[in-house]
Amino acid sequence: MHILAWALQILFVPLLAPLGVGIINKIKAKVQRRQGAGLLQPYRDIRKLLHKDEVISEDASFIFNIAPYIVFGITLIVGASVPLFTSVIHLPSSDLITVVLLLATGTFFLALAGMDTGSSFGGFGSSREMTLSALVEGLFIASILVLVILHRTTNLYLIAGSVHLDYADLIAVALAGVSFFIVLLAETNRFPFDNVDTHLELTMIHEAMLLEYSGKKLALMEWASANKLIIFAAMLVNLYFPVGLASNLQFGTIALAITIFIAKLLVVYVAIAVLESVIAKLRFFRLPGLLFTAFILCLIAIGLVK
Amino acid sequence: MTGMERKIEERVKKLFRGSLAIRQIDAGSDNAVEQELNALTNNFYDISRFGIHFVASPRHADMLMVSGPVTRNMRKALEHAYRATPEPKIVVAVGDDAIDGGIFKGSYGVYDGVSSVIPVDYTIPGDPPSPLVILRSLLEILDKVDDSRTKE
Amino acid sequence: MLKIHFFQVTVSVVFLSSIYFHLAKRNIRISMVYGLQSAGVVALLFYSYLQKGSPLILVVVLATLAVKVIIAPTFFIRLINRHKFKFAVDPHVKMALGLAIIGLISGLVTLHIFSPLTTIIPANQTYLTLALASMLISVFLIANHKDALSQIVGILSLENSIVVFAIFAGLDQSSILDLGILFDIFVWLFVAIAFISMMYRHIGSIDVTRMKRLKD
Amino acid sequence: MLASIVSPSGLIILFSIFGIGGIGTTLLRGNNRAQNLWAHIFSITGALWGLIFAASALISNREFYVNGLATSFPFLSLSFHIDKLSSLFIIIICLSVLFCSIYGIGYVKSFYGRYNVGNYGFFYNLFIAAMLAVVTSSNGILFLFAWEIMSLASYFLVVYERHDHKNVKAGYLYLIMTHAATALITLAFILLFNHAHSFDFNTIRASVPSMSMALKNIVFLLAFVGFGTKAGIIPFHIWLPAAHPAAPSHVSALMSGVMIKTGIYMMIRLFLGILLPIPLWWGLTLIIVGSISCVLGVLYALTEHDIKRLLAYHSIENIGIILLGLGGAMVFYSLHLPTLMLLSLAAALFHTWNHATFKSLLFLAAGSVALATGTKNIEKYGGLIKSMPQTAILFLIGAMAISALPPFNGFYSEWLTFQSLIHGVLSGDILVKWVFLGGLVSLALAGGLALACFVKAFGSTFLARPRSVMAKGAKEVSIWMRSGMAGLAVLCLVLGVASAYIIKSLESLGREITASPRAGLITSVSSRQTLQIGHNFGSISAPFITVVAVATPLLVWFVSRYFINRHQKITSSPTWDCGTDITPRMEITSTGFARSLTMIFQPLLRSNLSYDTAPAGSLAPTSIVATVGIVDIYKKYIYGRMYSLINILSIYFKKIQNGNINAYILYILLALIIALAMGI
């Protein structure tokens, strides 16, 4: 059972991540009164891309070629490091700072890959991505810091596994959760930070860096961003609302925990989809204001906890 | 068609069924075709339910939909886009202009159709073809997608 | 009693002449008053000789008498007459303010912060205070007046005051004072004469403020 | 064996190697090649001996004094003290010196026939010896002496390429700032002397308990500003971005990597070794200054497009991070939390070491690029990864390390700094909590910005296509230079992998520095090299992260290459250009890359964007130039104000110096009266 739990923990994120994107797209289509693509569309896209040939820019260096493996690999590591359905097993990398900096490594290579081919789109895509991620990193840490102060540990599993939650701290946790949700939107390139569906190069952030990729490498990049979405969603639901995580590795408990976990994820996805349907993308230079607001929320939350 | 070619085509169709990325190229079109293509993504035609979507870069594309008679200015752009698209790829000439130059045929400024510049696999006639025609042709090209979702 | 009167008179002469240098309007009178001041100093030195009987002091007395009382004023007067020095330059600080400052200095030296200086020999406190005051007033003369003659006289007056101060501070017990005075007389006179002559030859004036243009 | 190395003669050998190296070079007149080899072989030998010496001192747990070498100068005695802190800094210095000297053999070749290599060799060896003397001396006067030699030797290295007018100017600024700092330090030592009646560190330490609080505070402020100026804290940093780029690159590496750390060394020595016990506000001050330095330093780096200036600004940022750790340690000391103090101090020391490694590496790599292209302007680079692939990889490693990305060493020290700051937030009253919180947020923000900055630096230097003729003609640098860099790159990885062991050792080292032998250690290292902080507070496993970070991408590559679509064909074509030919001018420039962040931080940076439109010949303007610039607020508001104040004062003082004899005599009169009144 132990090995099975480990296998589940490692494979959960990459296997279910595309489904999450599919769910969000489906909900968005429904809200727009469209039938929309099927839930499994992202899987079909990835499968197709994996089987296509590649065209690579003549100007690309090895950075361009290794970046997808690193970016995808990082999401695998982080995906296995964050608490998903159980709070019992954990990797030595399940630490707040480690996770933040591991994700930053992925962003680093993604941005470099964007610049590598000398395309102007890739360049400003990287510039915007780095601008956002530079500002978000602090907020990321600050929003989880509330939990660190509450639970006296930076280990994500211990935060998720702690049953103790004082009602007095509920407001603080909620405020921090809201700002973490904003971090989620920023890091996964969702509205109001970025439009994942855009075809307009001038407004792109994430997509602009991938314009030069094709075939397998594009598949890995797309898959990696899907992974990132599920990772952040999992952190949101498991750290700020640590309910229903399996505290042992019995088959029944794990099955129940996975069900609860998926239900919790669904809530987040619905929230994202609804949000994307009702709000517009913000102008780029308005984004720091939003992040700053979230940061103030964090500070209030930190002020509230003892 | 040799057995080898058929096998490859079979593989491609299987691959693209349910996931087709289209890069639209305006090679000197009068924008009539673009209007109709644009309509494909609206709620009524909702092309995304067949797994078909438009993409921003030819690197991501499986299919190039070329409109317009290919003006002299757009020839290089078209060639670049063709070269930039990874194999396997499908080139579709949309509209009469793209097929043989249409009403611009014989003009000194155009190349009389996409096929004189890059190899074309399929054509969708019409000036411009209506969205429904385009959709039907696309689905035909993809050789019948899942039955449950084509019924309207 | 006679001794005290003698001291009072001579020190007053030195002190008042140092003040007079500030007031004088004519160069010739300054020179003459300087002679008078020096005569006071000579009298003091002579008294010192009578007390001790050292021949060295007698030499000093005679040298001072010759140089300071006779030669120096005569020389100055002749110089003034030959070059027609006019008392053309005003002091920096006007008369009234100058007097106020002199008063201030005089008051200042009586303060107790100067008492360690003025009470070297407690019996002579009055004389020491006056000598100190005339020293400072002489320095102020140099600072305040623009004409070179006044400045030189100021230096000489300062020197006279120092001698007076030294006598009352009991420094005349050793012969250092006498040697110092002898040395000083010659050096200062030569320097002063050379200075004035050269300056007049070069600049055509004895107004030191004209020297500003030499600054660069 | 160890005992014979760790002895006064070992130290004398160390200094004499550099001495022979320096003097010997000047004697080899004319023969550039021989001078180059002589200077560097001796500095390499010296560095190796220094490593052996310091490592033996650490292993054998010995410390010793060299005393009794009194000189004819009053108070100056050649007394040295080798303790663990000194040994650590000798190791840090010698490691950087070792690789920089190897690099230097290749780099100095470019000076042949242009500049006097003899002078270089002399000052280079003198500089290193002076740095070693600074970290070993145990006498205030000797220390100041060494400090001054270090400053002067580095000044001469800064102005070494004197044909460039800018270098001379930078050197002048450096000279002024460093001497202003030295003046403050001297004053601090004089105050200490006034109290202790000795310049000997131990005597001073013994007399500190009887010192008044006010005096201690003044000494602290003087020393903090003085050493802080050398370390490059904001707002005393202005010399740093000017002087570091001016020196030859491996000297820049030493200055940025090691020399500024001597300021940190003395802060640790004074604040945590000598002036104990310390009040709370000292540590808080350090944290606040550190926060400001690390955020502003990286912001200035972002706006910079001279590659070496960019790196110099990052030194300011990293000094800020070190100060966060050091300040934390001081606060914990004042709060009587010795275990946390050791944790914080270990973070500061480890980051000091790491920064010495990766900043040296980056400067060397930047120097290689500058040498290959002949310019330091990032805008003129591009595409160098094709012509200089090895330098590119080495720069990438340095960039990842400085951006605190796993698996390199910067990650571990930043992780530790984060941990110590979080502990600070958790322990202490409301003021302490918010100051630590400020430090934490600044550190996180600086980390993010540093990442952006190095994407910019690496991206616009090495990626895409060459943007100038110089970049097009660039060639890979010599094997000497590459091996120097490679050594440091390996060190970055090794320090990362061995971090658990190192952190643990640094903590016990801290116990001896601060003379708190009974302080328990908060960290523990499990059998799998997992560094554990507290009871389940946080943990990190360097070998695990290294293996996973390397293995996972490899696994992904392997699976996708050999298990999925094995017959995939990869073709190459020009970059997708939307139909028109793409030129290097369309690439994003480094200014353009940082523009968004520059604009967002406009209130802090005082950045401005101005358009210069050339007059229209026809309907459209012929050219539009957009300039993003930042105002040097320190020059404008602090040093500019200071300058005009001095100017105005000078005008007043000029009135005093009016050339009027009367006035001078009046001064004499006044001085006389005052002197008489005061003197008696």
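Going in written order, the chains are labelled A, B, C and D, and every chain counts its residues from 1.
The rule is short, and it goes like this: a contact is a pair of C-beta atoms (placed from the backbone, for glycine too) under 8 Å apart; a residue touches a chain by one contact, two chains touch by 3 or more.
Values in this document were obtained by computation on a predicted structure and should not be read as measured data.
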| item | value |
| --- | --- |
| Joint neighbours of subunit D and subunit C, given as chain labels | none |
| Chain at maximum distance from subunit A, centres defined as averaged CA atoms | C |
| Pair with more cross-chain C-beta pairs in contact, given A-B and B-D | A-B |
| Where subunit A and subunit D are represented by their mean Cα positions, the distance between them in whole Å | 35 |
| Whole-Å gap separating subunit B and subunit D, where each centre is the average of the chain's CA atoms | 59 |
| Whole-Å gap separating subunit A and subunit C, where each centre is the average of the chain's CA atoms | 96 |
| For subunit B, residues contacting two or more additional chains | 57, 59, 83-84, 86-87 |
| Subunit A: positions in contact with at least two other chains | 51-55, 211-212, 215 |
| Residues of subunit D touching at least two other chains | 569, 571, 573-574, 576-577 |
| Touch relationships between chains, expressed as pairs | A-B, A-D, B-D, C-D |
| Touching residues (chain side subunit A, partner subunit D) in the complex | 50-63, 66, 69-70, 72-74, 76-77, 91-93, 95-98, 101-102, 104-105, 107-108, 111-112, 115-120, 123-124, 126-128, 130-131, 133-138, 140-142, 145, 148-149, 152-155, 158, 211-212, 215-216, 220, 284-285, 288, 295, 299, 302 |
| Residues on subunit D engaged by subunit B in the complex (per definition of touch) | 569, 571, 573-574, 576-580 |
| Partner subunit D, residues of subunit B touching it in the complex | 57-59, 74, 76-78, 80-81, 83-84, 86-87 |
| Contact footprint of subunit A on subunit B as seen in their complex | 15-16, 18-19, 21, 43, 46, 48-49, 51, 53-57, 59-60, 62, 83-88, 149 |
| Interface residues, subunit C side, partner subunit D - complex | 92, 108, 113-114, 116-117, 136, 139-140, 142-146, 151, 208-209, 211-212, 214-215 |
